[in-house]
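Look at the two complexes coming up: subunit A is in both, with subunit B in one and subunit C in the other.
Let's turn to the complex of A and B:
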């Protein structure tokens, strides 16, 4: 999947994350700020790459402001942002690209 | 050198501080020591006035100079103005190298950061530090070492002479022209002056600062005139809206209510829950909820509390109104209900020393049956951290945590399994601030772990339907939900020490290092 336009998902509430995704040209450019940066920064980085890879996204600028979200929340916010960037809001591929 | 909670204390810190490493919570029991005494300037003439026109004049008359140690109390909490009044003047006078020895410091003291940077303040001794000062210490901005010690530990350190107070400043809600201070009345009513008793007894110079001068004698005094050198009247010593707040609304958070319910069920199934039992709790939502649910069971079973002690809130004072507790022994008032309850003749003020000093001939904490405490982190050895955040930044205070944990027969820590994403139950706490040997029970919303050292409590509660598990199981559950956290990366420099209540070194706090992701 390609990132067609910029899109946002999530909130800045505690235990959530705000994900902003934009079209990119040279791979995945991640900008991460997190309240648990020391303890989970590396894990979140891996989760971002894995989730985008799973969706077939190769080029994107992604910015995450994490307020201590669990992996499941982060993953859902990233997937949502990617689908919104493609204008897809229904008939989502549950169990397929979204696993 | 490795101490008895398994923390490596660097040799240079042992040499620098002259302190021993921690050898166990009761290693100093019965060990005699010589108490320090202050230098006293007598007032014999009946024409001597103690009144000074300004903080500046008070400082000059006290002989202020570089390198002095100042005592402060924190009964005004986030509304405190006394430290700022004094330190602004000290800064203006160009005095350097001051040690602040406060019972605690908080967000009201963010202004100290530039004074740390320019060398006005070079050492801090406190129960803990919240806000910007904590961040600044963790980023290495204090020239000397920060010493974090419990409320009982501060009294001990002053009485043994480890901390010598040159000048102590007592913010007094009411005071007369001869220095009789009361914690009650006036514009900045904080109820009690418990943390300042030791300052009155041991500081070389004592300055009472008040915004409500009353006719002599201001009686009965909480700090008497015999201990006060000077009296200074200022416009305001505190912001009343931030001193004692309205009583916190009882929590509706299901997670906290669940933990409160587990706590009460545990308490009532121990052999200590009988008529005349003693109890202390904190001000967290779950602690307050457990006091409320315990009240119900006390009423049902006709069991009365002997005494309640420590920092007080409305639910504890309600017990007094209902005749369910014989005495309240007060060291600090967290809400207006606690302040107004002081008019009850069974609600007594006690000093921080009487409350918790481990080097007394016995403190009230030793007579506690139960204490209900909170934690930032608990590890699988039951060691608790209440001072350093999981990100390595100093962000909390020991308060009476280590004192009550050591004293009480049954020490219960309530903590949600996760604080945000951070596992509160972990393999190793970031910093040990209360040793695990003094923690008996850890209650989370996912289960309850009893310290294996307390086989008696395991036996006493085994027939209840409470969800018992091991502390390792709690940690595993937390890691399963949140993922295993990476340890925080610290720099080499030691910026602070966690002093055990007996004066030995429990742990050190290192400078935080900026964390960068590998690309």
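Let's turn to the complex of A and C:
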């Protein structure tokens, strides 16, 4: 899936994360800020790359401000930002690309 | 297909905004019987999509420790409800709360989409239960038709805020404005053999008022209550759980009726109270509620 335009999902509340995604041209460029970066930074990075891979996103700039979100919340915010960037809201691939 | 979870214990149904990660990550610690993950009124119009992704992953990945997971979807008058149904079924929600239900046609429209979604996502047909929230005078007038509209429907719930708006009055705190709806709903629910749930109590500073209202709806026959704050759960459970005295009496009633029936005796006394067959079902229900609440000890009457 191609990232068509900039999109944002999530909030800066505790247990949440704010994800901003923009079109890119040379792979995935990740900027990550997390309150638990020292403990879980590598795990979060892997989750971001895996989630984008599942969605078929190959080129994008993605910025994440993590406020202690669970993995399930991070995935939800990334997926929401990607589908918003394409304007897709219906007939979503639950259990397919979204997993 | 009969779903064995259709008539499980549902004393407390705690509403949670599905869009708020901090709320949906561990509500099982408060031990409600049911959580009501909300895609409707609690979620702003421009966050309806975001709430669905949160909901999907919460349903799939969070262990709610046996707490039932019902999702309140958006109404049939919105562009959201079909995708709401898809995500509920794909995520494996235990049931769907249909808002603003006005007729059996409304329930069957949702049921058809649920059936299609169960096929699409490989979910066992009949797994996803339904409940209908009545929020208007028309809904209350059509309550019997709604109760009988679907084999999946396990219960109906009053939504007092919208109902009183339609009735052109306000929530007074006395319950007078909700009396007609409550009475009609519980009678219809019992006649149709589905469960019946009361509306939320929104004045969180008035716990005495909440306790009074909960005791009243329990006395009216309701099965439980929709809640908006974890502080309300223990009060509801206390009121809806039979006391040891009630359990002991119910055990005696069941045993005595079983024994006296064999001897051809129809009317007798238990602990000084006149008892006949009319008391049997109520005593049985008391014991079942005690078992479901985890407070039953077999043979309590002998202790």
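Following the convention adopted for this analysis, the second predicted complex is superposed on the first by the 99 of 99 C-alpha atoms of A that agree within 3 Å, B and C clash if a C-alpha of one lies under 4 Å from a C-alpha of the other, contacts with A are read in each partner's own complex, and residues count from 1 in each chain.
Note that a contact is a pair of C-beta atoms (placed from the backbone, for glycine too) under 8 Å apart; a residue touches a chain by one contact, two chains touch by 3 or more.
Quantities reported herein were computed from a predicted structural model and do not represent experimental measurements.
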- [ ] Look at where subunit B and subunit C land on subunit A after superposing the complexes, then choose clash or fit.
- [x] fit
Task: Larger contact residue set on subunit A - subunit B or subunit C - done: C
TODO: In the overlay, answer first, second, both or neither for which of subunit B and subunit C A:32 touches.
DONE: first
Task: Which of subunit B and subunit C A:15 touches, first, second, both or neither - done: both
Open item on the list: Applying the document's definition of touch, where does A:3 land relative to subunit B and subunit C: first, second, both, or neither?
Closed with: neither
- [ ] Using the superposition on chain A described above, determine whether A:89 touches subunit B (first), subunit C (second), both, or neither.
- [x] second
Open item on the list: According to the stated criteria, A:69 is in contact with first (subunit B), second (subunit C), both, or neither; which is it?
Closed with: both
Open item on the list: Going by the contact rule set out at the top, does A:80 touch subunit B (first), subunit C (second), both, or neither?
Closed with: second
Open item on the list: According to the stated criteria, A:40 is in contact with first (subunit B), second (subunit C), both, or neither; which is it?
Closed with: first
TODO: Rounded to the nearest Å, state the minimum C-alpha distance from subunit B to subunit C in the superposed three-chain model.
DONE: 5
Open item on the list: Identify the residues of subunit A that lie in both the subunit B contact region and the subunit C contact region.
Closed with: 14-15, 69-71
TODO: Over in the complex, which subunit B residues touch subunit A? Could you list them?
DONE: 390-392, 420-422, 481-483, 485-489, 515, 517-518
Open item on the list: With touch defined as at the start, can you tell me which subunit A residues reach subunit B in the complex?
Closed with: 14-15, 32, 35-43, 45, 67-71
Open item on the list: Looking at the complex, which residues from subunit C come into contact with subunit A?
Closed with: 20-22, 25, 49-50, 52-54, 56-58, 60-62, 82-83, 86-87, 90-91, 121
Open item on the list: Show me the residue ranges of subunit A that touch subunit C in the complex, using the header's touch definition.
Closed with: 9-10, 13-16, 69-73, 75-77, 79-80, 83-84, 89-92, 94-95, 98
